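Heads up: the structure comes next, in structure tokens.
Lettered A, B, C, D, E and F in written order, each chain numbered from 1.
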Amino acid sequence: MSSVFLEDLDADTYAAYLRQSTSTVIIPTGATEQHGPHMPIGVDAMLSSDIAAAVAQQTGALVAPVFAYGYKSQPRSGGGDHRIGTTSLSAATLIGLVEDVASSFLAQGFKNVVVLNGHYENYQFVYEGLDKAVKQAHTAGNAGRAMLMSYWDFVDDQTLEAVFPDGFLGWDIEHGGVLETSLMLLLHPEKVDMDRVVDHPPAQLTSYDVFPEDPTRTPASGCLSSATGATAAKGQLLLDAVTRAVSDALISELHLPLPVASRKAN
Amino acid sequence: MSSVFLEDLDADTYAAYLRQSTSTVIIPTGATEQHGPHMPIGVDAMLSSDIAAAVAQQTGALVAPVFAYGYKSQPRSGGGDHRIGTTSLSAATLIGLVEDVASSFLAQGFKNVVVLNGHYENYQFVYEGLDKAVKQAHTAGNAGRAMLMSYWDFVDDQTLEAVFPDGFLGWDIEHGGVLETSLMLLLHPEKVDMDRVVDHPPAQLTSYDVFPEDPTRTPASGCLSSATGATAAKGQLLLDAVTRAVSDALISELHLPLPVASRKAN
Amino acid sequence: MSSVFLEDLDADTYAAYLRQSTSTVIIPTGATEQHGPHMPIGVDAMLSSDIAAAVAQQTGALVAPVFAYGYKSQPRSGGGDHRIGTTSLSAATLIGLVEDVASSFLAQGFKNVVVLNGHYENYQFVYEGLDKAVKQAHTAGNAGRAMLMSYWDFVDDQTLEAVFPDGFLGWDIEHGGVLETSLMLLLHPEKVDMDRVVDHPPAQLTSYDVFPEDPTRTPASGCLSSATGATAAKGQLLLDAVTRAVSDALISELHLPLPVASRKAN
Amino acid sequence: MSSVFLEDLDADTYAAYLRQSTSTVIIPTGATEQHGPHMPIGVDAMLSSDIAAAVAQQTGALVAPVFAYGYKSQPRSGGGDHRIGTTSLSAATLIGLVEDVASSFLAQGFKNVVVLNGHYENYQFVYEGLDKAVKQAHTAGNAGRAMLMSYWDFVDDQTLEAVFPDGFLGWDIEHGGVLETSLMLLLHPEKVDMDRVVDHPPAQLTSYDVFPEDPTRTPASGCLSSATGATAAKGQLLLDAVTRAVSDALISELHLPLPVASRKAN
Amino acid sequence: MSSVFLEDLDADTYAAYLRQSTSTVIIPTGATEQHGPHMPIGVDAMLSSDIAAAVAQQTGALVAPVFAYGYKSQPRSGGGDHRIGTTSLSAATLIGLVEDVASSFLAQGFKNVVVLNGHYENYQFVYEGLDKAVKQAHTAGNAGRAMLMSYWDFVDDQTLEAVFPDGFLGWDIEHGGVLETSLMLLLHPEKVDMDRVVDHPPAQLTSYDVFPEDPTRTPASGCLSSATGATAAKGQLLLDAVTRAVSDALISELHLPLPVASRKAN
Amino acid sequence: MSSVFLEDLDADTYAAYLRQSTSTVIIPTGATEQHGPHMPIGVDAMLSSDIAAAVAQQTGALVAPVFAYGYKSQPRSGGGDHRIGTTSLSAATLIGLVEDVASSFLAQGFKNVVVLNGHYENYQFVYEGLDKAVKQAHTAGNAGRAMLMSYWDFVDDQTLEAVFPDGFLGWDIEHGGVLETSLMLLLHPEKVDMDRVVDHPPAQLTSYDVFPEDPTRTPASGCLSSATGATAAKGQLLLDAVTRAVSDALISELHLPLPVASRKAN
């Protein structure tokens, strides 16, 4: 098979893959969301897709077309849905999207459907969609399984210390910050302009949300912390750590065969 | 006014309250969810309701009837929806419930609608419901506002250290553990049986979810950590800290008058 | 078992109850609706909950957390949804609420789910929710049953004559009138202020509804008939008649064992 | 204008009608529901449509295409949805149907939308649809109004006595009974076969509903009372009484001009 | 059986029909849509209903009550939803309507459900409704089938040439044109006024749609081509061709017995 | 601006673009659908995305992330939803997706939202989504517009003759045939394997659909006509014709400035 992306496969090759007892598809979920003046709007979709491809190479899985739109950006994790550059889905649509696509994959015969999430706000809605799809499949006599994860939950402490030598302040402020920017510098350097990084202190997040959103609480840059300090080398540390840990989780949880490394990610 | 609970008020008293320029209603949201062999199924609803009442006394707000059913219990925060004793709502229903009730309060003239959440899994769905209700109200020319918070996000570090002298291991495993049990020992001691607390190590949570749920990952007790060590005194520390911090947030964010303390919580 | 309210039970006790061949849960459904100047807003929820508890004591059933919000108040039965003090659900949300909760109870193993309704406007929407839940359960191979009733439909003629010695004018105008006030005087006397009862003739109801609602058709009191004449003694007659008749219906229809009387209602 | 049925009008005539300051459309709502061995399945749609036409002739209104499918037949009013011959809508579909059609009429410029209901089970769902349509229209700056009624609620006591000389036993058992059969004998005699009327005592209805439906509770005929005694003369009494009372209500409530009688009902 | 319309049958006759191994119901779907100054608003419903009746006579099928309201009229096929005289359904409602009614027929035991469409815009939404209904029926163990067609897709080339001697310009502009007007002249001549036909060149349709609709693109008549040239004789050619071809398709596809011709269409 | 794809832009550049009086975003819509053994599953998404980019370069528009999943493949246009390799959305989800994304773009300030469709089955559902989004935007005082088109509707007769020298048989059978394959040979030659093209006669399509789908009606290849005869040169003819015609339509309809050609499509 020449690609891990199922959109690149012809139907016969795809059908042959599906006949394997460990057929697994990974759906990357991202967002169309502003990530400050130094990074493109598509960061979440790009990163979840890239990491899914890296994991697919390690595990023999296929990668489905990315969900390029995500749930509304929230001020305490993504700067807020009022920011120009952010184009979002309602809860009902995102739940339906996950339910339909996961159901369709399970009905075709996939043994495992994995959602690899790259936009914090999506998680609970993807959870509902997968829960409905798997229950529905089981009612129809289909024994397929699903997994759901956000990639940053697989960064280990040692990597965190290396990436944030001055101390890690929490995932919530990592919107447009060192984590995402380092990964982008590694994977899409031509789409990052470090000269435009705004150096500001981390956003002071409240312990609650307000409606309507209060635009003054999001730093002018749209980022919740500064990307100063991001490097491609840190991106490599992060990518390696995440790819390894996610792949291990899939192999163990889904009883996949040992890693293969012969397929092309692009 | 003789009660902070609006269900206890007659319509005239309620209407008089609404005419205030700072009229605020707090909706407590909980769940009907197993909390182990030592605590009642209604813990989340009881605690969010009690804390809402305490905050209402400090801030002059009213408390709406609690949402006694919540979103599906998830294995990594509530033991899972497969456990006997857990009766849950789908995402669509919970979103609709919040949207309808918040819209109805805003249409009647409330300046502020606050949701005080006591069940982790609810948060994102309540967010969607409030977002829709407030946008809809604004389209109709109504300038009302809303706030959303989970009460544990207001426990400060000093209180955490006092309550967890051996170190705090994270909110995710605090299902049926020291936090909730201490608060229940303070507020509903007759509903707690410390003799039935199972002493087991904290649950080892995965970094991902699986569908269908794997019952073997939740400790047999249904709790994610042991309540051994819970005391009413710790409950008092927690209640005081949360009540004070939430009240301060409401007063500051919603421009409420200074605290009043003359009303009855029950 | 120390309580008929399932929210007060621990999960082990609840699970033991569920293993009975006649496990039955009663869901009381009410509303948050103005009931005039002399009674609290929560009347419908309080009464359906109290009656459910009385029936549960007679039948060995459990009582689920009350549905404290109901369908929109209608002018010809509840004074109308435009009245301050009334906070309502849309049809879709109420149907979803019933469907989710009843489905969840049936999936846990309850043999019978009973909805005891205390707000006229709810009936048809609860009917749809139960119909969907039971059909869904049967498709999944679950043989559970459901019952639906409004409590006033169990008041017999003899009781009616005793409570309305001057003649009964129909259930439609019994909003905030003698029936509900008498029951409240018996069950929650501290929440009723008979001095504030407005004595006015019964509302002249049209044979049709208009949209938008016409506020001038509802008496200024918000009640559709006067509560003058309500007494706790009448409340006792009503409660006894309803409890007995509803219990008999459950025992006969659901083949429950003969009445037990040993459990605590509060 | 040559017809009261708008489906028979050309668009220019329709547009001219709409420019009147009292433009009113009546939507008849019925069902596709078994009505025993002596009457056709379409009774509810036929009668609501005929009565709407009679009222339209008196009031200058137009009649919209009938809603030929209704909400699920319920055992206590229509014999039940399990009976062969009954084809029904879910709540969501019926609500959507009313909302869409009423909204469309209001947006075109109708001042008044009236729903004349002929199937008991429809009422609450039509109520929700009209409530949503009118609120939506008002948000868009449209001042249209709506009315909702079931035709039997306009039968006066004197007519009742004439039609039921042995005493009237209530509307609930009038499914396939004297009321509907008399009207059909008057309006569609060729579709009634009095020889096939089954003479049985009125159904003994419970005070509650059960799920799944219990087919043994509905008389074998599918009717809840016997049509023996139905005559076209009684049908005339009923039609006259209802037409007059409904027309009066429309004229008074909607400020329509005095009756006109020059248009064709068929 | 005295009628092909099921609304005219009594429940016993209907039940007897259903016991046949080839029981088939045809649902005609139309619209309430302006068709110019020379034809009534109900054209699409009338024609689909008439053709369904003709097919039913040939095939032994029954005809269900017509869907008199359809999906929004689109400018490139029906003149647009902004035209006075057009009263439409949203996608969700139409899908629900088809799903509910088809599901109900399949659950009662019909072997085949056929939708005969007479309004172009309906097709895809009816497709979704039938797809959902049949999948749902199969999940419940019911082997029923469904068919979907628009009647004009059965007009053969020879008939087209006879009806459009100057050349056929495409179905899209046949709104209110020669096809529909000829059929109406045959089937409902009293509802057509050829004196009011506006003779204008065919509408120049764009290759795309715009939102909001641009009223200037639809000819003032509301028709997309002129009905000049329509005759009842052409209507007969069209009706015969369509009835024969649709009947053949049903007989062949659904394995129906050979044509019967003894039943009454009206 | 360095790219026509908005996902590649940083938020500041995007915001600057939005301030233009002719800001226009093109959403390409495709599908994940088998296209035979010689072409990848992602053909529809790839082609709509490529054509959108070409049009964007000519018109100064931006291209939004492609909708990579589409409505259920239908046997008469895409081979059917039962084919392995086809992963589809329900109507409700696709409508919601379009409504949410278009609403979000209009709310951010885009003057024009264009959907360029590349999967036949999507059209009507995208129509509903755009109709709802634009109406909603107008209610909120936003004067934005939308356009909807399928790219093949812009192929002119001269191009058709050049591409199909033996005669064009209709768009319906162009699934996996000469049109799509020629465009892919031009744009993604490395993803096409002409050696695997199956040479078979065009599919004989029925004039109707059946449910459940009948797999025997779709050619074994999954294509509705043979791609034999496809060449990159024909792809260039098609791409040029479509790009020019679509660009002209946008410029004329949306009053865009004259073509610019300075931006990068990839």
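FYI, contacts are C-beta pairs under 8 Å (C-beta built on N, C-alpha and C of every residue); 3 or more make two chains touch, one makes a residue touch a chain.
Labels paired with UniProt names: A, B, C, D, E, F = Creatinine amidohydrolase.
Treat the numbers as computed from the prediction; the structure is a model and nothing was measured.
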{"item": "Least step count from chain C to chain F, where 1 means the two chains touch", "value": "3"}
{"item": "Self-contact between copies chain D and chain E, residue sets same or different by half", "value": "same"}
{"item": "Greatest separation from chain A - chain, by CA centre", "value": "D"}
{"item": "Rounded Å distance, chain A centre to chain E centre (Cα mean)", "value": "48"}
{"item": "Computed distance of Cα centres, chain F from chain A, in Å", "value": "26"}
{"item": "Chain E residues counted as touching two or more neighbouring chains", "value": "90, 92, 139"}
{"item": "Arrangement of touching chains [line / ring / star / complete / other]", "value": "ring"}
{"item": "Chains in cyclic order, anchored at chain A, direction fixed by chain F", "value": "A, F, E, D, C, B"}
{"item": "For the chain A and chain B complex, residues of the former touching the latter", "value": "71-72, 74, 90-92, 95, 121, 123-125, 127-128, 130-135, 138, 145-149, 153-154, 206-212, 245, 249, 253"}
{"item": "Complex contacts: residues of chain D adjacent to chain E", "value": "5-12, 14-15, 18, 32, 34-42, 45-46, 64-66, 68-69, 83-90, 92-93, 96-97, 99-101, 104-105, 108-109, 191, 193, 196, 222"}
